[in-house]
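Chain IDs A, B, C and D follow the sequence of writing; residue 1 opens each chain.
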Amino acid sequence: MALSREQIAMRVAQELEDGFYVNLGIGIPTLVANYVPKGVEVMMQSENGLLGMGEFPTEETIDPDLINAGKQTVTAATGAAFFSSAESFAMIRGGHVDLTVLGAFEVDQQGNIASWMIPGKLVKGMGGAMDLVAGAENIIVTMTHANKHGQSKILKECTLPLTGAQCIKRVITELALMEIKDGAFHLIERAPGVSVEEIQEKTDGDLVVPDNVPEMNV
Amino acid sequence: MSGFNKVVNSYEEALEGFKDDMTVMIGGFGLCGIPEGLIDQVYKMGNKGLTAISNNAGVDGFGLGKWLEKRQISTMIGSYVGENELFEKLLLSGEMEVILTPQGTLAEKIRAGGAGIPAFFTATGFGTKVAEGKETRNIDGRDYVLEPSLTADFALVKAWKADTMGNLIFNKTAMNFNPMMATAGKITVAEVEEIVEPGELDPNYIHTPGIYVQRVIKGNNFEKRIEQRTVKA
Amino acid sequence: MSGFNKVVNSYEEALEGFKDDMTVMIGGFGLCGIPEGLIDQVYKMGNKGLTAISNNAGVDGFGLGKWLEKRQISTMIGSYVGENELFEKLLLSGEMEVILTPQGTLAEKIRAGGAGIPAFFTATGFGTKVAEGKETRNIDGRDYVLEPSLTADFALVKAWKADTMGNLIFNKTAMNFNPMMATAGKITVAEVEEIVEPGELDPNYIHTPGIYVQRVIKGNNFEKRIEQRTVKA
Amino acid sequence: MALSREQIAMRVAQELEDGFYVNLGIGIPTLVANYVPKGVEVMMQSENGLLGMGEFPTEETIDPDLINAGKQTVTAATGAAFFSSAESFAMIRGGHVDLTVLGAFEVDQQGNIASWMIPGKLVKGMGGAMDLVAGAENIIVTMTHANKHGQSKILKECTLPLTGAQCIKRVITELALMEIKDGAFHLIERAPGVSVEEIQEKTDGDLVVPDNVPEMNV
């Protein structure tokens, strides 16, 4: 069975380590915060100037001066810090964030990612995504394996304008966890009940398949 | 009056010298931490041909969305701008040029402008459209893009508190782009919620020292509109 | 123990992994705001071949002057360093290399290192010895020098207060180079006067967010020696 | 009569305007703070991270964490701010300081200044001087017109290693106030009782002398 959005987030959450500073993008990545493993503490970085993003406020504690990068009202966790956008991206660009999780339209086997622009449609802008992919050593991309027409988004070469070049090393989709190295996707885990054949079929890029592909534990 | 008393008493005075075709920075992230009254005043004055540098472009009818109504912006420099139907229309019709800049690069370009750094290298955007036409360089095995800095004729920022000398503190994530923009304006105008006497702000926790600020105005009735009102289930 | 508890209980633990031939940044301006205990510990350990990045080099027998006694520094990068007889001797005898860097350029190189900016242009030093061998460029009619950034294996900084998560605040002009250095060390160790629980420092006034700090140690008995004790007549 | 150090400082102080942010170097420039004209308020910037340097402390208020760039214990004026060295030089390099006053070993008619190094003697370093001369639009150099051997320090071309190139526009010595433009020194004012001839004699660089050279008012 293909993973639900929640299950993708659960699988990503297994990559969290105690003491990690983490930046979660909009969409599925945001859900990761709901599945932090027991005994693991993480601090969420929000690129608009907050380290230590807390849960959503109540109607009573809502504060228009306290939002996240998705412009949602949030709270500050214990031990949080506020700072300017320049300081925030100094953290990101300087490689101080331990893990970045973000969505994408396409990734390819060179580690390129396209996530911000579909020519011909309105272009809203890249926001902080280009800085995030350029700054992080440790990035997980969450996305669906194919679009609604069944076309693979796990490509030999991205067709859309790039967000970053040769920066992505791990992708988690509803079907599989893959690593990108040496110019190919490497299948590491598959969703429970999903066959290697289905993954191969929906993967346009070169896919290296080891003898044994364990199922994810979600 | 002391030469350090930067308080002005009207929005007209706050924007004296603001002209058509100027470059103007406007603080804020989305609608959080924007100088609402100064934005309204530029709307009232109706100046045209502006180059607006701001992370976002407001929403229809609020914030920079108002400048769009009067077609006041000829060039918009920002990182995420399309939350606004009118914006889309002006962009597609070619009435407005838009220079999309990665958010961190935008923040750093503004900081650099204020700090006398004319250009710097960053890995952000290498190999993407953002790097097209720009100098790139491999330094110690990694590829970087050379980005020039940004300054402005006016910087319009929003702070929480100011003293009369222009020392500023910001509140929570309403800080965002405001401190860098304060350093990068030839004339920096701070719209604030409260003005106190010198000495009332702790010198150890000033976010923006007064040297960067030319004018301070106490804002009327900040609306502080929330874009994504999200509460705990 | 939480992964965010960065408090260590001994100077040995604070400097675990510190080795010969490493590059180390040391905060402070003169003797103001230096991590006294960490400096002493490196002196005790006796590591050699160090590249030390610090605005100044201490005085005879105190601060980095102690490292000079044991000939621990092979290269010194600073802006103003000769307040120390032993320093002069080591420099003239060639036992130590000294790379003099303008103070503002030094501060910016360190900030850039922490912020992922590999190089930037500055007007400082153009046409002087400092620019020799460096790329220069005329940008909009002014001449600039390209300066690469600096990072370090260890950054040893002094703060006033920390919480256990490594959020730091500095006191008055004892801040100086400490915040930038905190961002530029692979391992940043903060020696502080007081450690408090998370939540006790106001998030709006944190000078150095904990993400930059790997270890925190409460210093013993800061001497805080004054170089120019000057009082009102 | 040649000016005393105090009189040089007094003349410099006449250039202060109400609301100026000023950086004063070590030596004669420091004395300028004692002669701020009535009705004029200035804020002193100290490059180690203080805007609004106050007077020296008393024995009771002395604080080792509060020093100026000369490493002297000082106090903070009302309305002061503390900040990092990076922020301090952002102010300086970014041209936000209204007036910088510093000493020099030599200046020349191209506006070059040498103030930090005498080869063969120990080199202590340039500290913040190179940033200060590169960052300021408005710089006054205070110095003696000649060295103790009577050799002019107001030169056609600096002989010592430079602190900055083509950045100095005004020099005040014990004999004269001069402006540097178009590759020459221009005599603007002379010290009371000092003759134009004496100034010319002690000036190695090209000196443009107008018909009328008023005496300084000190």
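Everything below uses one rule, namely that a contact is a pair of C-beta atoms (placed from the backbone, for glycine too) under 8 Å apart; a residue touches a chain by one contact, two chains touch by 3 or more.
Since the model is a prediction, treat every value here as computed from it, not as a measurement.
S.K.: Contact counts by the stated rule: is the higher one at A-B or B-D?
M.R.: Looking at contacts between chains, A-B has the larger number.
S.K.: Would you mind pulling out the distance in Å between where the CA atoms of subunit C average out and where those of subunit D do?
M.R.: Taking the mean C-alpha position of each chain, the two centres sit 29 Å apart.
S.K.: Go ahead and note the Å separation of the Cα centroids belonging to subunit B and subunit D.
M.R.: 35
S.K.: At what distance in angstrom does the C-alpha mean of subunit D lie from that of subunit A?
M.R.: Once rounded, the distance between the two centres reads 55 Å.
S.K.: Quick one: which residues in subunit B touch 2 or more of the other chains?
M.R.: In subunit B, the residues touching two or more other chains are 108, 111, 115-117, 122-123, 170-172, 203-204.
S.K.: Quick check on subunit D: which residues sit in contact with 2+ other chains?
M.R.: 76, 82-83, 89-90, 92-93, 134-135
S.K.: Please give all chain pairs that are in touch with each other.
M.R.: A-B, A-C, B-C, B-D, C-D
S.K.: Would you tell me which residues of subunit C are touching subunit D in their complex?
M.R.: Against subunit D, subunit C makes touches at 29-33, 55, 78-83, 88, 91-92, 100, 102-108, 110-111, 122-130, 143, 160, 170-180, 207, 224-233.
S.K.: Quick one: in the complex, what on subunit C touches subunit B?
M.R.: Result: residues 108, 112, 115-123, 139-140, 142, 144, 148, 169-172, 203-205 of subunit C touch subunit B.
S.K.: What residues on subunit D touch subunit B, complex-wise?
M.R.: These residues of subunit D touch subunit B: 17-21, 40-41, 43, 45, 51-52, 76, 78-83, 87, 89-97, 134-135.
S.K.: List the residues on subunit B that touch subunit D in their complex, please.
M.R.: Against subunit D, subunit B makes touches at 2-4, 111, 113-117, 163, 165, 167, 183, 198-199, 203-204, 206, 209-212.
S.K.: Any idea which subunit D residues touch subunit C in the complex?
M.R.: By the definition above, subunit D touches subunit C via 46-50, 55-59, 62-74, 76, 82-86, 88-90, 92-93, 112, 117, 122-131, 134-135, 161-166.
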